[in-house]
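First chain A sits with chain B, and in the next complex the same chain sits with chain C.
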Partner chain A sequence: MLDAAISALGILLSPQHFGYLLAGTAVGLIIGILPGLGGMVGLALLMPLTYGLDPVSGIAMLIGLTSVTTVADTYTSVLMGVPGSAASQATVMDGYPMAQRGEGARALSASFLASMFGGLIGALVLTVTLPFAVPMVLALGTPELLMLTFLALGMVAVLSGQNPYLGMLSAVSGLAIGTIGSAPSSGTFRFTFGTDYLLDGVTLTSLAMGLFAIPEMIAVLSRGGAIAEERAEIGRGWLQGIRDVLSHKLLVFRHALIGALIGFLPGLGNSIIDWVNYGIVVKTAKDKSQFGRGDIRGVIAPESATNAKEGGALIPTLMFGIPGSGSMALLLAAMVIMGVEPGPTLIVSHMDLVFVVVWSIAIANIIGTAVAFSLSGPITKLAFMPFSKVMPILLLLISLGSFQSSQHMGDLAVLLLFGVVGWVMRRTGIPRAPLLIGFVLSGLIEQYLWQVMSRYGFEWLQRPGVIVIGTLAVAAVGLSIYSKSRTKPRPETGTGQESVGGVGR
Partner chain B sequence: MSRETPQRASRSLLPVWDRNVLLGLVTFGLLVFIAMWLTSAGFMPGARMYPRFVAGVGVLVAALALWRVWTGKEPRGGAGHELPGRDESVRDVYTRALKLVASIALYYLGILLFGFVLATAVYLVAFARRYGESWLRSVVVAAVCVTLVYVLDKTIDLFLPKGLLLSALF
Partner chain C sequence: MNTKLVSLLLIAATLAGCSKKEASDGPYYAGKRIEIIIPTSVGGGTDRFARLLGDGLHKFVPGNPVVVPRQMTGGGGILAGNWVVEQAPKDGTVLLAGTGQGTLRQILGQKSVRARAADFEELVAIPVARTVTIGPGKGVTNRTDVRKLRNGQPLHTALLDPIAGITFVLQFEMLGIPLKVIPGYHGGRDRDLAMFRGEIDIIQQVTTTFAASTKPLLDRGAVLLWNDGFVAPNGDIVRDEGMPDVPTFNEVYTEAYGEPPSGQLWELYRATLPLVGNAAKVLLLPVGAPREAKEALMEGIKAMIADPEFMARILRESEGHAPIYGEELEAILAEARNLSPDKIEFLRNFIGERFEVEFE
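Take a look at the complex of A and B:
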């Protein structure tokens, strides 16, 4: 494994691959700064560029992007009180009051550094799990993998957002959209409505950008285009922020571990992670008096946790080919496009690629943090740019990217259709991430289902592993629905991003 | 299903407009899953099993969701972006959103007819003017963006639609 790690680092540091990593990191920073847009939109934007790329370059670019969006999204949270993405909602609680009293720089520097350490610890967690991965994935047959996929999809459906039944409807809708086109087992064309465009099914890029990018534009501009009415100055305290993180090392470590653990569980995305960690830091602090008024611990804890999530979320994605969040679904799809099949084969035969992922997270976090520190002035100006100036350029890029997926006007029609659907889902509280994950998993589930039914009939349901995972699935979904029906609803706080990463991841 | 009552409507945290849209969307979903179940009966066995499975689960879940929305038990968190009961005219939001969607649809129609470059230039200028930019600034921004797209097209072999009308003319 050490050989694979060293070899992966060597490959990644070659000029071409490193260039793609830098490009992904730069796009991630810009996307993270723009309020409402996050890693998912960035991934969807860059996906068309990965067609034809070698896997290392493509993976480095995409991982570079996803690793730093949560570093950059802090600007608007701290300076404007508007979460840059779902991952920085809790940061507003103490970051914005700090900026209001002239300590914006302190909050930002603490946040950047905590994010970086969180990201590095997340990468470490991913590395530590790898030795256990090979025997675990080899022990699972197709029936167990099918049930595991149901477990993950079920958890994503009921845990993303506050409406489990609507989440389930969203996930099943994604599965249904995935049935459009040619049937893998027989080649029969299904639900194509006589159009040539649908013979290959709906394109993932158009669907993802439609669901996550267009609704953000519509939402901001339909409210008049203003992101925030007030903003604070960046203020002072860059060095103090660094000292704060160094004096709260254990806090960073503890919350990064919690973040990685939550990231591992499908369905528990950024907005859950940051609030859970904020809740824990408040609950465990001796002096709670300053929380909500500008306590630096309220910035450090959620920021280190949300960035550590990436490492945890990659574990099921890489090991089983089961994404636990929308951004992981896109990453998985992009890897498949590049000819890399996440899952047991990847873990057993291509460990070097797995380490490319690990190194990309680590290096992107370090570079992202360095850029966030050194270019804070211009970056802040970008964050304050009115959305009406950014929107047409984004629409241009999104349309261009969407059109490249199959070079058919149908791509743009799908983009707009799902843009409207996504906006309605966003407004009415239907989580969008389950739809995307259902769509990405649809082909895999059909393939698994066909294999197990052909080989075992209904007897696959009697296998011990299937019974255990199935019981877990029913218990997890049932308990989640029960606990959600018992808790009081909370209003969303700002970005319209559901818990499974939403746009943020 | 019992009649809609003001109590049920008010139990939901959504504004009435959003709630009606949600009810419509979930009902549409239910109908689509029923149609999917019926249509997939005509496929070959290998192609039929999975859509029927999805449609069956879909009908069940959509019916449950419809019941939850109808009785006001979902959605529980209000709208995704806007705080429930926020002081805004929901109707205005829908109107503005509709106008924006219509403008994007026109842009795509323009791409279909006149090609990507021309339609994009016109859209960028029109959009910038709509949001109060000067003519000069609007044209400069559009020119820079279109030039960048053109350079990308030439350097990384992007495919840009030429437009039906322009293709027919030239």
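Take a look at the complex of A and C:
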């Protein structure tokens, strides 16, 4: 395993691969800075570029991107009180007050450093689980995997929005859309309506960009060209922020672990991770008086957690090919495009690629943090750019990227159609991540179901592993429906950002 | 006088033009472009073979034509064959990177395959050897144990394509061991893992993936039952020289059952083994190309095989199996290409009854 780790580092550090890692990191920083756009949009933008790319370059680029969006999204949260992405809403609570009293730099540097340590700890968590990966993968057969996909789908559906029934509706729609095209086991064509385009099914890139990128752009645009009416200066305190993080080492460590755990559990996406950690740090602090008025701990805790979650979320994605969130679903799809099949076989036969992922997270975090520190002046200007000027470029990139996937006009039709669908879903509060995950899992569930039924018949339901996972699935879904029906939805955060519950990441 | 001069000049000019044209015309492929149509996706065995031979054609065919590999995936390779036969120019500028199973599909007349074996001439073939491995769960510890499985519980297997796996299917029919195919496996690694977990019991693999796929299985107690081997020019089935210690199917059968395999199934086995074995990967020229084209291509192929450096590249790619061409290739494929109608009918029914394959 050590061999694989070292050779992976060697491969990643070759000029070409490293160049792609840098490119991904750069795009991730920019996407993170632009308010409202998160890693999901970034992934959707870069995904078309992975066609024909070698797996190491592609993986380095995409992991580089997802690893740093949550570093860079802090700028606008702190300086303008507008979250740079869904993952930094809680940072606003204490970061913005600090900026208003002239300590923006302190909040930013603390957040960058906390993010970096969080990301590194997340990568470490992923690494530590790897020795157990092969035995685990071999112990879990197709029946257990089938049940795991149900568990993941159920949890994503129930947890990602305010209303569990809407989440399930969304997930089931995703499953249905995934059945378009040729059937995985028999090769018969379904729901093609006589068109050539649908023979291979709806293209994932177009679907994802339609669902996520377009509605986000409309939302930001409709808030008006000027994103921030009031803006605070960066202010002072760069060194103080670093000292803050170093004196709160345990806090960073604790919340990074919590973040990795939340990432590992499917369905608990960005929209809650920062708030959960903010809640914990407030609850466990002795002196609560400064929270909400600019307590540095309120910045450190959520920032450590949001970056650590990537490492955790990659565990089910890489080991079982089951994405726990929208962005992991996209990453998974991109890997398939490059000829890498995430899932049990990847762990057994391609440990080096797994380590490419680990190293990419670590390196991207370090580089991202260094860039965030050193270029904070010019980068801040980017955050104040009117979105109406950025939008045409993004729209062009999105259309190109979408068309690239199969070079058929149908791609653009799908993009447009799901742009409208996504916008309607965003406005009506139907979570979109379950739809995407349902779409990605659709083929896998069908394949597993075929294999399990023809291999075991209904006996598969009697396997102990299946019963345990199945019970978990029913309990988790049932419990959250029960508890959600009794509690009121979380109040609006008052950050100027629309409720992002269910956006995924 | 004036008109005489003009006509003389004209004649001279024409002659000069002709001779000039003749000189530049030299090799048939000078200034031409060859497209190799590849029916599988980038990076697979057929793709790598086609690109390698494409490079060889560019270097060794007189006139050094530009060679462009072009992917045309879809329909399990059927679309590419149809396109080459129905739409591609027949002047030697379009070649097909074919497979033995593709040719077998054409011979059997699988549904929507509109190309026929007679539409192509084989230029050069690269052999692929196939092994059969049984997992540890079935109580088979040595090769002759297979007789214990006769008429027993079906063995679970992942068969991606019954035409490509025709020898595998016929072998178990001859042994009288029932197979049950579990659907939905995408490729080699998927199946290997299912073997690891005991979800499938038996698989056929190609020896090019031996180190990555078969070896780990053997390390976990699986047994390598046999290597299909190849058909020799004299008609005998011989061991794969890459695995001289591993017996062929017929050796194992004879040892286990006390007599060599025989009958209709055995004859079909012998006829189809050269297709999916000896000529598993084959470069095809659509019929109708001018004589010069085929001669130039064959000249290039002979030259690349004679070139030690290039031959080494081929052997690296093919696990040491030397390419075959010309009369040797024709002789080996003769039986398959001249299958009698009743044998074709038998094989169509045999496959059609057991698998979801439809024939015209």
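In this text, the second predicted complex is superposed on the first by the 487 of 505 C-alpha atoms of A that agree within 3 Å, B and C clash if a C-alpha of one lies under 4 Å from a C-alpha of the other, contacts with A are read in each partner's own complex, and residues count from 1 in each chain.
The definition used in the following text is that a contact is a pair of C-beta atoms (placed from the backbone, for glycine too) under 8 Å apart; a residue touches a chain by one contact, two chains touch by 3 or more.
Just so it is clear, the model here is predicted, and its values are computed rather than measured.
Enquirer: Mind checking the superposed model to see whether chain B and chain C fit together on chain A or clash?
Expert: On the superposed model, which is not a single observed complex, chain B and chain C fit side by side.
Enquirer: A:427 in the overlay: touching chain B, chain C, both, or neither? Say first, second, both or neither.
Expert: Touch status of A:427: first partner only.
Enquirer: Looking at A:339 after the superposition, I want to know if it touches chain B, chain C, both of them or none. Which is it: first, second, both, neither?
Expert: second
Enquirer: State whether chain B or chain C is in contact with more residues of chain A in the superposed arrangement.
Expert: Counted on chain A, the partner with more touching residues turns out to be B.
Enquirer: Should A:173 be classified as contacting the first partner (chain B), the second (chain C), both, or neither?
Expert: The first partner, chain B, only.
Enquirer: So, does A:393 touch the first partner chain B, the second partner chain C, both, or neither?
Expert: Touch partner of A:393: chain B, not chain C.
Enquirer: In the superposed arrangement, which partner chain does A:450 touch: chain B (first), chain C (second), both, or neither?
Expert: In the superposition, A:450 touches chain B and chain C alike.
Enquirer: In the superposed arrangement, which partner chain does A:348 touch: chain B (first), chain C (second), both, or neither?
Expert: Second partner only, chain C.
Enquirer: Classify the contacts of A:141 with the two partner chains as first (chain B alone), second (chain C alone), both, or neither.
Expert: Touch status of A:141: second partner only.
Enquirer: Which of the two partners, first being chain B and second being chain C, lies in contact with A:217: first, second, both, or neither?
Expert: A:217 sits against chain B, while chain C stays out of touch.
Enquirer: Minimum Cα separation, chain B versus chain C, post-superposition (Å)?
Expert: 10
Enquirer: Which chain A residues lie in the overlap of the chain B contact set and the chain C contact set?
Expert: Touching chain B in the first complex and chain C in the second, residues 185-186, 446, 450 of chain A appear in both lists.
Enquirer: Give every residue of chain A touching chain C within the complex, in rising order.
Expert: 52, 137-138, 141-142, 184-187, 339, 341, 344-345, 348-349, 446-448, 450-451, 454-455
Enquirer: For a test of understanding, state which residues of chain A touch chain B in their complex under the given definition.
Expert: Listed in rising order, the residues are 49, 161-163, 165-166, 168-169, 172-173, 175-176, 179, 183, 185-186, 188, 190-191, 214, 217-219, 221-225, 386, 388-389, 391-393, 395-396, 399-400, 403-404, 407, 409, 412-413, 416, 419-420, 423-430, 442, 445-446, 449-450, 453, 484-485, 489-492, 494-498.
Enquirer: Which of the residues in chain B end up touching chain A in this complex?
Expert: Checking each residue of chain B against chain A gives 13-14, 18-19, 21-22, 25-26, 29, 32-33, 36, 39-40, 43-47, 49-51, 53-55, 57-58, 61-62, 64-65, 68-69, 73-84, 88, 93-94, 96-97, 100-101, 104-105, 107-108, 111-112, 116, 120, 123-124, 127-128, 131, 145, 149, 152, 156, 158-161.
Enquirer: Spell out the part of chain C that touches chain A in their complex, as residue ranges.
Expert: 42-43, 156, 180-187, 189-190, 192-194, 196-200, 212, 356
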